[in-house]
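Okay, got some structures for you below.
Okay, so chain A shows up in both of these, paired with chain B first and chain C after.
And then the complex of A and B:
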């Protein structure tokens, strides 16, 4: 076929001359580039809300104390500007000799959902989506198969033939979410709490796919919280209002628990089903429960080694 | 066609080569300009949709905390396969010394380049914070290597892109200089690219199958299945591309490579179906909670059936394509349209199987066994089609650049 007379290809008549042709090509390239700039112009809107300081900010572990102070001052100013709320953001660090664990008495939990609500308020979750780190499953008695449970139950609780299984971050000792993060934006702290640097997360949501307990949440949009409802007691790694496009999770309310208080979900629980404490303290009630009750963990076969226990009376 | 002397320094001749390539790539018929204008327009729609997604947050997608990966990651997974599938031209050419394939193997390598570019774009489109992409760069950011499989994927995908850019760039540049390519500078890289092609799809499968909390993905067969379907979709795309190249340009000698690839698909499509069948057997014969995602995919679960039409379409397409490929007459020139149709069916079948049929059921039911369904939003479709248009642009330009080489098969 190559030896036959080459077929005359149709050409654009205006561009027969090579230099003219180059000019026309250049013209179209410019037009294309301009169209591209116009197409991506919404990015300018996004760029307005992001500062250079935020873009350049280093990973939490690499911040010097001065840099940390600067970052926190910036975040506090942002909260005032965006949300109209005066907040204080602390950098609560783990207390040496502390390993926090949680336990829930399933004989007592009646599925009233006060924990879910308290978590929502305490952690400054988006109001519209009614987000919370806790999900309560209503389960038929006689099974541990979550397949048979419901997270969207209604009606008066407790129902006679049901029991209730609250699930939140299990603060695993072998957390799959930490392993999969490509940028080390999430890690396990010395007191057992798995945290996220919301200013380092790239939003790939691999951790969300890896978590077997549906414990992670993504900020599909910027959270909206009315100024008067914002909880002003915040911590950098915990309940400060999260930026859009990053993953967040339960931190056992580290902004409370590292200051000697109890998690918000526990305080809100009207039945006393929730027990929280330092497992390294031999005098703690949590230690007594783990030693004396019939305790089990969720999805043990996955080898995640939760620091979150369930027990029956 | 050499327009630079061989004695000239690379410093001056290489820019000439690039300039010449760009000039060639923007030369063509009215049909070519119409094609490129159409792709540009579609790409711009996608770029605009993506910009809106970045500005407004990913709430514009239909993804949720339950189904946290959707159309983007589905397409990403498929494109990795397309990139890996190009190796099915390299293996006959370089391992089995298929002379006819040797002359046109660059088509597969150029496809790999376009496909990897698309992969990277799909990943970026899926990021909640694309402005923080630099956190993922080794040394500058914090690279969680070797623990996170995603970092492995970053390495193998970019490595594969560089390998293919080098091989194609070197061969075309030598052709431009009118020199015979020195095998030392490309054969070792070609051999490496064979292993590397397998690695990109294996690592991508490991992204999913390493997650214990997702029973649907947590199967050792996932990587081999990925490869089998890649070795269907890649060659299928290349066959169609070659049929078009033959018709639209003066390139000769494409019929034998088309026949070789057809014979390859004949085997790989059956291997792929066999693996799908083995997976379904273990799922459905065993039953239990582990089978619920497969049940949802094939028959629906608790009245939720969003994926059922997808998966049965894929099965229908794959089965029909497999039967067509088994028919010896498909190799005859007379039945070219049927071959193209069979390739299209196999391609779309693999796209569904690796996308909506694999990524989404991994999330349904969720880890707490909630059934939250997912149907891609209009914004997601726009971004996806835009990236496809860009990939086709890259591929068209790459093929255009290589046309002089393809038209005069080199003596090796």
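And then the complex of A and C:
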């Protein structure tokens, strides 16, 4: 029967050629190894920039009180290590029965920018970029369209044919930035403040793109603040020094306002243009303004329902 | 299919590797947490500072059950003192009260601004509508001001005087909508201090002074608006 099976039937050359097959296998193995390296590279990055505990941290809303205490202790230790500053990070929660609202008297604001500076210092912003949550726009008279404003003005203010429009987070009741967040790292709290869990943010910047008021900022690099300039009075959801690669925003200074104090930008305003308060209190100054002044909101047509009003008197 | 085997293998390896890393880190984090000292876990600012609680002033809402801190409106220290230009033989300078000179001089009601004075108060910037010196200053008692009805009012109560003409501003001020403030929005947790009129407005030239912009953030919105592709650095296709 030796003659009945003389040779194997011809098959595909690639199978027949062991050398070539080995090469292809080797090629795929290399690809696989490269894929593995690429797959774990975020982990290696994380290992560089984050501690294991930070990497494993849960979403703020899911933290138990004990875990929160651990997280805050870790963040305070990190601040001491990275910035050489002794800081206190609190976990300020909304005061029941409050909804914070801001109003600015544009007849009075003269664009001097003290609020911008106060925000910069209060919220531990990067010193090199002069970062701040507030932009003051120099506006041509006759429009409330903030896109026509310019932030590059300098020199003596106010200029005769201009008015000045400070813009910061409007703490919208329908916040587009919250809707677009793919990981729910930003949300609206009971007192109306839209907050960010900086440790949950993945830095995709969707929210920054979604905000019609250009109110969000991205930390392109770790903020540089000298130890003696760090504001040690901090809150987890507010002005603690943010890590690199996350989005941040105005929190109405919740580390102050949730303790009953006025926001830093208001206290710094030399013209007294800023008014802040609890809209649920019928006796509050903010209510008086809403009831007695003609108030404007920015980009009303977008339906974002800002908790931030502008008025002239 | 056999060609995919190495890829699947690599994927599996990757998963296993990642899981192993995660497990390792979790255990290390659990090991870490006990020795992390918790200094002040939830030091919120709501520690009750019950010292110095006073009753609400009459300007504040009535009937609020909680005791409220006071809203303090800053007040001028008193009648202004005039610093003397000259010095005595010892090189000392001094300041005198208004009444030092004005009690022995007859008021000249024809002087309506500093421009017509031939001594003292010369060169004073005056830009407050068409009112005259004695519209506000009291010719009978230089250390007080005078209301429109002729009754004197202390310098400390200057806001009463201003409010005669600037009613809308006074109303807005009373409701916290005019004038700067410091302290607390929530008077149950702390006091508030408000500026008075002349903290911001010079009574002789009450227009708020011009200011110079100091602090500027440096971000992309502060770049010039023009987007010049000719001179711009390459920045990808769009």
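Methods note: the second predicted complex is superposed on the first by the 263 of 313 C-alpha atoms of A that agree within 3 Å, B and C clash if a C-alpha of one lies under 4 Å from a C-alpha of the other, contacts with A are read in each partner's own complex, and residues count from 1 in each chain.
In the analysis below, a contact is a pair of C-beta atoms (placed from the backbone, for glycine too) under 8 Å apart; a residue touches a chain by one contact, two chains touch by 3 or more.
Predicted, not measured: the structure shown is a model, and the values here were computed from it.
Shared-chain residue A:110: touches chain C; no touch with chain B. By the document's definition of touching, of the two partners only chain B reaches A:244; chain C does not. In the superposition on chain A, A:53 contacts chain C only, with no contact to chain B.
Of the two partner chains, chain B and chain C are each touched by A:25. In the superposed model, A:35 lies in contact with both chain B and chain C. Of the two partner chains placed around the shared chain by superposition, chain B and chain C are both touched by A:135.
Note: residues 25, 32, 35-36, 39-40, 43, 55, 135, 151-152, 214, 217 of chain A belong to the chain B contact set and to the chain C contact set alike, using the contact criterion stated above. On the chain A side of its complex with chain B, the touching residues are 1-2, 6-7, 9-12, 25, 32, 35-36, 39-43, 45-46, 50, 55, 59, 135, 137, 145-147, 149, 151-152, 167, 176, 179-185, 200-206, 208-214, 216-222, 243-247, 299, 302-304.
Only residues 3, 5-7, 9-11, 13-14, 17-18, 21-22, 25-26, 28-29, 32-33, 36-46, 60-61, 168, 172, 175-186, 188-190, 192, 195, 200, 208, 210-219, 221-225 of chain C touch chain A when the two sit together in their complex.
The touching residues of chain A, when paired with chain C in their complex, are 24-25, 28-29, 31-33, 35-36, 39-40, 43, 51-53, 55-56, 65, 68-70, 72-74, 76-77, 88, 90-93, 95, 103, 105, 108, 110-114, 116-117, 120, 129-132, 135, 150-158, 214, 217, 255, 257-262, 266-267, 269-272, 275-278, 283-285, 288-289, 292-293, 313. Residues of chain B touching chain A in their complex: 26, 28-31, 33, 40, 44-45, 47-48, 50-52, 54-59, 61, 63-66, 68-69, 123, 126-133, 135-136, 141-144, 147-151, 154, 207, 210-214, 250, 252, 289, 292, 362-363, 365-370, 407-408.
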